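Alright, structures below, take your time with them.
Presented sequentially are two complexes of chain A, the first with chain B as partner and the second with chain C.
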Partner chain A sequence: MEFLFYMGDVFTPINFGLLLLGTIGGLILGATPGLSPTMTVALMIPFTFKLEPQQGLILLGAAYTSTVAGGAVSAILLKIPGAPANIATTLDGHTMAQNGQGAKALQLSFIASAIGGLFGVFLLIFLTPVLATWALAFGPSELFWLAILGVTVIGTLDSSSVVKGLLSGCIGLWLATIGFDDIMGAQRFIFHPALGGGINVIPALIGLFAIPQVISMFAKGRANVDAEIITVQRHPIGAAFREIFNRKRALGIGTAVGSIIGLIPGVGGQIAGLVAYDQSKKMSPEADKFGTGHPEGVIAAESANNAMVGPSLVPLLTLSIPGSPTAAVLLGGLLIHGIFPGPALFTQYPQVVWPFINSMLIGQILMCVFGLMIAGWAANVARVPRAVMAAVVLGLAVFGSYSVQNSMGDVYVMASLGLAMHFLERFGFSAAPLVLGLILGPIAEANFMQGAMIANATVGQMTYFFTGWLNWLLIVIVIASISYSVWMELRQRRYTTKEDASA
Partner chain B sequence: MKKWIAGAVIALTAMTGTAMAEGHGDYPERPIMMMVSYGAGGATDFQARIVTMTAGNEDALNMPVAILNKSGAGGRVGWNWLATQADADGYTLGAYNVPHFIAQSIEGGVSYSTDSFEPIANWGADPAVFVVGADSEFNSMEDVIAYATANPGGLTFSGAGLFVGHHIAALQLEKAAGVQLAYIPNNAGGAGAMRAVIAGEVLGGVNNLSDAFRAREAGTVKILGVFDVERNSFIDDVPTMMEQGYEIDNASVNYRGVMVPAGTPQPIIDHLAAIVPTMFENGRVASRMEAGGSPMHIMNRDEVLEMWAQRQVTLEALLADL
Partner chain C sequence: MSDLPRTQHIIASGAIAAIGMTVAYISYTQEPAGAFVFPRLIATVFAVLAIWTFAKAVLGRTKVGQGLSGSDMRNLLPGLIVTLVYAFWAAKELGFYTATTIAFFILLTLYDPAPHNAPKTWIKRVLITAGFMAVMYGLFAMLLNVFTPREIFS
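Moving on, here comes the complex of A and B:
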């Protein structure tokens, strides 16, 4: 309960001002395509040089929580996921916005984010010592099986066809091999200097999601000049709260999956949203509605990606190991003030750590309040004429990919992947499995290689990858996940034939 | 939004406009950019931001230095860019990591070597150290090598990747002790390598002194030896490898400093070489670096030139039998 003792520190005028600044700034930067939470926090670090440690960390904590949620805005309204965490949000969120339910989608995403986020921070507050040992339990073999589990999600993520989903997943896995391999030192598929560092996930995300969108908007704009104007439905905030609490399953699954995955160093936020989306789809009686603008898709994805914020800091604060890229940036923010994270952190610097954690709690609530305030207004973006919209999205896509590391190479990557995706989409492939392959490929490969090297030097590969209850647990879930997909595919086929018969 | 985009367009036009200005009589007349070939938040980036924070002072460069991150492929992306695409006009600096970029140029497949760059000054030296988990049975390098001799190729130890300081240290240890070890490069860099040690996935690891010092403060590791010619003030109870009987010099020490692309006008190089070391000596810089646990080691241009030449020779010999 020590955190309550330091709660007052967050509400001093300067600290609360910084908290507001961090939250609003975070929301705006998070909603800007190309600025991932990691970059936003990195951009804010220089501002903390001049602040007291406590103030600096309050600013960083608030900014971190709200950028993660801010990414949902561009995901829903523009179909540009701000960060890998928001990929799953585009699947149903953007469809909702196109149906005129943008306000509702935004409200649901902010409320779900806040609930998931609060849960995650409470885990950080109460269970840090327990969770710290958990974060160490995932070695190369466990991470390898976890990545494989992620790969099995690929098949069911795409609602149209398992085979096409797997195929685009494979394209993603191939794209992930491009670049310089860190473990063996080999250079693979580098035909242009822009590919030397591999394909950066953020430009790839922007290209794969936004560019096909832009192309089809231009095409439609020409085809029928007087295209139907989307009426943006108003949506009372009270109704959004009721909706969330009626969909407890999606909220629960999202929060639980986000918290657990957020804890695992190196995998964290990138796949939390997608795995939660997939799980709630599999457990939902309305599974076939996912992907067509179903509120549960938004709720699961957004509660998961904010729930991961708290637990992702556990390895950093207790063991001094940054578990995610954002945590690594926060480590810099702590070090610059001479604060070393570790078990002694909570006893040596309670006046810094607790306000930092409290700022994430209050930040979640403020983020939700501001989010709800702008939701109704922001949803009008859907009414912007297609041609204008396409031009703006294209501009943001170029700006976003360039700003990741000030490199034109990333813009070329974005443009070529986007163009290729446009054609793939016309053949019924979708972007989400492809991106999942791109993210999981390096995790699976690097951990397999490391595991194999350790195994060869010690116990042998079979023993290494097939011993320990955690390995077996993951293997069992992998098998269950695959058999579920196969079963669903068979059942769906039977339905199709029935319909055919009755028709 | 539209106003904002218009503003950005004007700003961009203004920037290209000034880029065309010629002559270096009153250099610098606009902000300077420094490329860091690692991501934001990493040790190199973090230190680069601290050591350049006083650049705007009147007694320093009188212009701020902005950090530009170009990360990827263990630094190769950024250094390739600096060697081939950056303007050699004094407004583009780069941060170097030795032995990384020299080892990579010897290994091949990159478009730079020590001839592609002109050093300005060195700000830091972070030696590699050998760490084991806090509950490990190893208490000295002797225990480690005894285990490795009994189990050839069975001593697993982690490091940040290939052709970086950690890898060089591992090769040196193998050569000096005459044993075969299993070096496991980690794809998540130094932090990932440290995690592997703490979690007990590997028996030991080579890591940065600054990170190991922090981990030891946190009580998660023991530090058994320093890959340097003398002990370090952060951990003066830990003996060097030389003291423990292994012929290992400071070839793996991670030197960080500032350089410019070759072809930068000599007057500008001289100006920078005179000013930049004094910038590093600033008291505010030193106290920030100290607080962050980052060892400083200031060297002027001539000393760095000599250090680069030495490394080139040592590393060529070491990597020849790889």
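Moving on, here comes the complex of A and C:
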């Protein structure tokens, strides 16, 4: 119950103000199609430089939580998911809005998000310290395999092609080696003076997530945003609460599925929402109503995608392995404040971690309250012309990456990586494993080198890295995730080929 | 094979394979070798996967990635040029605020669907640009105290 001891820290004027700012800003930005939670959090990092670590993390955590929930607004009112996590919400949410139940759908989505989110954060509160103690068993070899596991799982599960996903991860790991070697001080892959200090994670994150979006907006040309915003009629909030509690099964399934999926590195909110929707449909006696504007569809999808937010931070805070791209961005936010997550985090920085986690708890309630208040208005941000959005994001990306170290080199790195990523994405590569490789590369290398030195002095490298139950467990998970993804890809291909043949 | 011409996949994966092999070559030849132990490990996997991807592209077995269509390229090219000039030249040479104002206004003009011949459109664009720059100045210069290159104003 240590978290209760730090609860008061959330309510200091600055911390609470930042929590409000992050929540309201996140809701509005989340409702904007094209601004994903990851990109929003990445663009916000430069604004945390001047803040205390505790304050910076509160702002980023609030933005993360509320952008996921805010995405439901455009999913319901415009049939455009604000983020991939809201795809399942469009299935019933938009139909409800078309049937004149837009306000009800929004209320259900925010209440379900808050309940799912609260459960997820409680899971984070109670699981993290336990896992942190357990994580003390990890030595250099296990941490090396864990870093490889992080890249592999996201590379295989988050990509449409296993080989391209793994290749993206390798590119990220290679980019992480650019600069001066920590042990010998030797130059590695410094092709341009801007790379002398290596690739700074923050400009890289901004470039990899923001610039491809900007270019994608350019690619759509001068076309009008023709999204029709459905008018929201009033609906009593009490009735929405009653509806939620009458549909406990959907809420329970969504919350449970989201929490479990959140704990698995690499499986994001999109999967959580879709799996919860699917399971809720299968277990519902009204399965035939799904897709026709059934409230359970909205409740299951939205409770799941917010329930996964808390658990997705468990591997980050205990093992310093980000479980999702947004968690990777949050890791960047921790690192710039000199905080390195891991087993010792809760003993070294309790005054930072607990207020951050507590703020996510309070943030869920604020998100629900403000979400209900501004939902109808927030949908109007979708009317903002793409040209304005693209130019704003580009300007923020350039200023944000420069402000990290007051260096033009960071702007060049941000722009180069962003442009390259846009074209890589067009050929089936994905940013998430690349980012994970970039972030986990230094962890993998430091532990690999440390492990190699221990191994050379003791049992030899093969024995050191390939024996011990924990090493084996991690190696087996790496192999299993690759094998599962290859199997899924082959199955999908066979299915597509059969469909093509019968067409 | 997707609708995308095979040559696009071959060029893209060929470029990545070339980078992979260059990285592997540097990792195996550069001194001191001790500093390249981990990069060698990564570069080997990188090169193998890149060559595999390239071979699949050459054999026409690439399944994912929609590539670049002609219309997409035509649409994005002006914006891409503005972005490149802004990030790699203008921001430093003209100063951040001047360059951002110009780039922002040009991008609005290029991609705003509103008609160019209506005076109201231009007033709106000027106001949006001015508003954005005021917010950026407030955030970065006044709140965060970021000293950006001023160049022509220095």
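Definition applied: the second predicted complex is superposed on the first by the 269 of 503 C-alpha atoms of A that agree within 3 Å, B and C clash if a C-alpha of one lies under 4 Å from a C-alpha of the other, contacts with A are read in each partner's own complex, and residues count from 1 in each chain.
Definition applied: a contact is a pair of C-beta atoms (placed from the backbone, for glycine too) under 8 Å apart; a residue touches a chain by one contact, two chains touch by 3 or more.
Nothing here was measured: the structure is a model prediction, and the numbers come from that model.
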Which superposed partner A:395 touches (first chain B, second chain C, both, neither): both
Which of chain B and chain C A:49 touches, first, second, both or neither: both
First (chain B), second (chain C), both or neither touched by A:405: first
Partner chain in contact with A:13 - chain B first, chain C second, else both or neither: neither
Touching partner for A:163 - first (chain B), second (chain C), both, neither: second
First, second, both or neither for A:385, with chain B first and chain C second: second
Chain B versus chain C as contact partner of A:444, first or second or both or neither: second
Touching partner for A:183 - first (chain B), second (chain C), both, neither: both
Chain B versus chain C as contact partner of A:238, first or second or both or neither: neither
Residues on chain A lying within both footprints (that of chain B and that of chain C): 46, 49, 183-184, 392, 395, 399, 406
Footprint of chain A on chain B - complex, ascending: 1, 5, 8, 39-42, 45-46, 49-50, 53, 68-74, 76-77, 80-81, 84, 107, 109, 153-156, 161-163, 182, 184-188, 191-192, 194-196, 198-202, 214-215, 217-220, 288, 290-293
In the complex with chain A, residue positions of chain C that touch it: 8-9, 12-13, 16, 20, 23, 26, 30-32, 34-39, 41-43, 45-46, 49-50, 52-53, 56, 62-68, 71-72, 74-76, 78-80, 83-84, 86-88, 91-92, 96, 100, 103-104, 107-108, 110-114, 128, 132, 136, 139-140, 143-149
Complex interface listing, chain A residues touching chain B: 38-39, 41-42, 45-46, 49, 136-137, 139-140, 179-180, 182-185, 187, 193, 196-198, 200, 265-266, 315, 319-322, 325, 328-332, 335-338, 340-344, 392, 395, 399, 405-407, 442, 446, 450, 453-454, 456-458
Complex interface listing, chain A residues touching chain C: 46-47, 49-50, 160-161, 163-164, 166-167, 170-171, 173-174, 177, 181, 183-184, 186, 188-189, 211, 214-215, 217-224, 385-388, 390-392, 394-396, 398-399, 402-403, 406, 408, 411-412, 414-415, 419, 423-424, 426-429, 441, 444-445, 448-449, 452, 493
